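Next come two complexes, and both contain chain A; in the first it sits with chain B, in the second with chain C.
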Partner chain A sequence: MPVSFLDTLGEAVTRRLAARSSRRGMLGRMGAAMAVAPAFPLLPVRRADAAPAPTPNPAATLTDFERRAQSTDPTKCTYWRHCAIDGVLCGCCGGGVHTCPPGTEPSPVSWIGTCRNPDDGRSYVIAYRDCCGRNICAAPKSCGCNTADREMPIYRPQASNDIIWCFGTASTAYHCSTAAIIGQAG
Partner chain B sequence: MVNWNRKAARRAAMAALLLAPAGLARAAPPVLQAEQSDVATLPAVGAHWVLPATDRDAYTIYDADAGRILGTLPASILGNIALSPDRRTFYVADTIWSRVDHGTRQDLIQEYDAHTLALRREITLPPRALAVYKGQDFDVSPDGRWGYVFDMSPATSVTIVDLSKGAVARTVDIPGCALVFPWKQNGFSSLCGDGSLTNVGYAGGDTPTVTHTAPFFDANNDPIFEQGLVDRATGHALFVSYTGKVYAATLGQKPAIAAPWSIQAAAGQPVAGTGVQEQAWRPGGKQPFAWNRASGHLFVLMHVGTYWTHKTDGTEIWELDPARHALVRRIDLPMPARGIAVSGDAAPLLYATSQDGTMIVIDARTGAVRRTVEAHAQSMIVAPDLPAGNG
Partner chain C sequence: MRLRFPILFLAILPVQGPARAGPVASPLPVIPAVQGHYLMGCGGCHGIQGRSGREVVPDLAGQVGYFLCTPEGRDYLVRLPNVAFANLSSADLARMMNFVVFTFGGASVPANSRPYTTAEIAALRADPLRTADLHGYRDQIVRAVTRACPAAAALHGYDVAQAAREGQYTGAGPAR
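Right, the complex of A and B next:
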């Protein structure tokens, strides 16, 4: 019974994908999906990865975050790459926007967001990798962010920012969060 | 005048000295006695007890009527708690490292005696990744027999624990789905990424029965919040979407799901859409919903914002009657809140937690703030769901 359901689901997703997406958009999304694919070894989840993601908004309909986003201070929640980050910024903890603080370890998998750079107006795929292996960083409250552009519930884990992504690290202790660019969004 | 006063004072002092032995003997308080150190115990779990997650290392037990702490249950930053239906046991599902942030990983359910808070038993779980801070990670079946522990590694599964035996019964994979919503008996449902529910029936033995509903919500464009609510006595559930649609369901092997209705429409407000510049009243927060068993009323943390503000703190709590799809009351909060809970009785107290750790206690019948407590509260807050007629 479950197998037939999964087949049905897979077919439905594939058909929807074919009906709705361009080839270039598909490539972009596939790239994004590949970034997190190691995290989801089970077929149904991979198929869900390939499902149409919410597309970046054109400039005319920016989100509140995008309208206020800045590109100069990565230790602030308003920094453009932090459009959907939930946690303490590693830049406030001895690390940087893609650098883990000393003594910690980056999570090999992560979830991804899509954020708009106000400098060039382009949207980029961001990997929100956690730094793990030490207890939570005691940074000022202003370094604790909880933004949610295009953020989804945990049953869409590849777009969910509540998950502590310290999978595959020596310890699951969460220390802080980074926001590394993976590439331009499709 | 001065001289007279001095003389009078001297005479009074002399008289006092003469009378002193008898007077002192009568007025002296008794000598304090030596004390034995003892340990307090708790009365039966009360209707107005509430347990906010506090700091990052405990759930603190409050008597909200008195506004005071009754005791503390240790739990890590991601730990979950549940009260057994007979109110005798608090369960804590947690992951602990032997050397705080490294060493040997221990996944377990801890059983605490609800009268003494003594650690009674620990049930070892198979390795799981406790990865999210949500109440729906862990629950107990309404008959108290089964514990359901959500795992994410990041593949998802649920470990079913036989609480009567203190042993793991089995682990069920729920690919593409997450969290646990217990049925009235012998099973649970989980929310899935395609907008459906997966339903796991298990009453012992080797093989659970797994079914799936058809997709009933749009997970791409209007997903439902993880923090769905379950009335464990009836198996009824309420799920709310980002835009404020309420889906009522009766959970089971074949769940019945009613057509959704809009919170905003029930309140006479414009229905919220998915526009990123569309200002509207919307549900939001980290634990935005609560359900009072006695009235059946739903409480929702609401704020004005655009789509994608589903994690924004609420400035009001809206009380709704799901049976009539009607607004009962809008309650102004003294400060924005990120999590709410409500007691289950007919004179309900509503609890809200704010960013600064304050716990606000509100009389749900009037909307009046009873007290605010400097509670070090995180967003998760648990009001024990006491079965009707049980004590």
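Right, the complex of A and C next:
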């Protein structure tokens, strides 16, 4: 029975290894690897969470919304800027997170709050501005949001999202809501 | 020979480490606390820069300082319910009012005007306006301010627009 190619190859490799390497050498390399290994980051793992927190906002003090908040899909209620939005997201209605859909105009008045961006842990000042002039946007149910981080009851109207902010527009018909960033909260 | 592998890794490490660990610097301006108080309590309607641009809400930019032309006008700004009942300490409210009046008010502030003090704010907010006819009271204040500082006449724009709206509503609804 002829010796298979794999057997020949295996034997050659094993013999070469045995001839060229010493057991002490192997032990030395393993020791060096073990000593040096902790100095390297675990490369496949995202290390952002290991960085020191930029703001003292430990997870224990986050609101329920902030724990679930995401920063990738602005057409979902969990998008971080929507931490206190009550209404239909304009992003689902032909507009964007800070633009009104065609045929509507932004209300000159709005209410202003703060939301935490999960990417950098910082708070940002957000203006919640309604888009007015058409009947309420017929968007999927998932686009209708009612979140309330740092919202106040209606007796503090400047911080209440229960109000339809379509004042001072040609039409007071409510269509959808936007959430524009004004700046980083100091 | 034996060390080539670790050295290669060490060379990569500084490049990869901080790039992954550091949060991306935000290009957005950091809003100081006093401006933040203004934005949360007033800026939604009066405008991020104090310009509401419409006659529905009085402009602050270039106008609000005129109210300091009379003692009653100066008091009026703090006795307005949303100012007097603001969710702020009197010290914070004093800082915010000084920011609004002196920064937004700009050239409308009369010369030699003194800033609001914490004690003055505390006393004024203990005496909030109680009149139901707030627009009538404002109109009265604005007339006196305009007599003292003729340049303040532009303040009447809001009162005229408001009176027109009231007229419309009264005409449409039952007589009051």
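Observations, loosely collected:
We take it that the second predicted complex is superposed on the first by the 126 of 186 C-alpha atoms of A that agree within 3 Å, B and C clash if a C-alpha of one lies under 4 Å from a C-alpha of the other, contacts with A are read in each partner's own complex, and residues count from 1 in each chain.
Here is the rule we use: contacts are C-beta pairs under 8 Å (C-beta built on N, C-alpha and C of every residue); 3 or more make two chains touch, one makes a residue touch a chain.
As the structure is a computational prediction, the values presented were derived from the model and not from experiment.
Contact with chain C, but none with chain B, is seen for A:120 once the two complexes are overlaid on the shared chain. By the touch criterion defined above, A:109 reaches both chain B and chain C. More residues of chain A are in touch with B than with the other of chain B and chain C. Contacts of A:139 after superposition on the shared chain: neither chain B nor chain C is touched.
In the superposition on chain A, contact is made by A:167 with both chain B and chain C.
After overlaying the two complexes on the shared chain, residue contacts for A:186 are found with chain C alone; chain B is out of touch. Judged by the touch definition given at the top, the superposed model places A:154 against chain B, while chain C stays out of reach. The intersection of chain A residues touching chain B with those touching chain C, taken from the two complexes, comprises 39-41, 43, 48, 51, 54, 109, 152, 156, 165, 167. Only residues 1-2, 5-6, 9, 12-13, 39-45, 48, 51-52, 54, 57, 61-65, 86, 109, 133-136, 146-157, 162-165, 167, 170-174 of chain A touch chain B when the two sit together in their complex. Of all the residues in chain A, the ones that touch chain C in their complex are 28-29, 32, 36, 39-41, 43, 46-48, 50-51, 54, 108-114, 119-122, 124-125, 127, 152, 156, 158-159, 165, 167-168, 181-186. Chain B makes touch with chain A in their complex at residues 56, 77-78, 95, 97, 100-102, 105, 129-134, 152-156, 173, 175-179, 190-194, 210-212, 219-221, 223-226, 275-277, 305-306, 308-312. Note for the complex: chain C touches chain A at residues 2, 6, 9-10, 13, 16-17, 20-24, 26, 28-33, 35-36, 39-45, 48, 52-54, 56-57, 82, 87.
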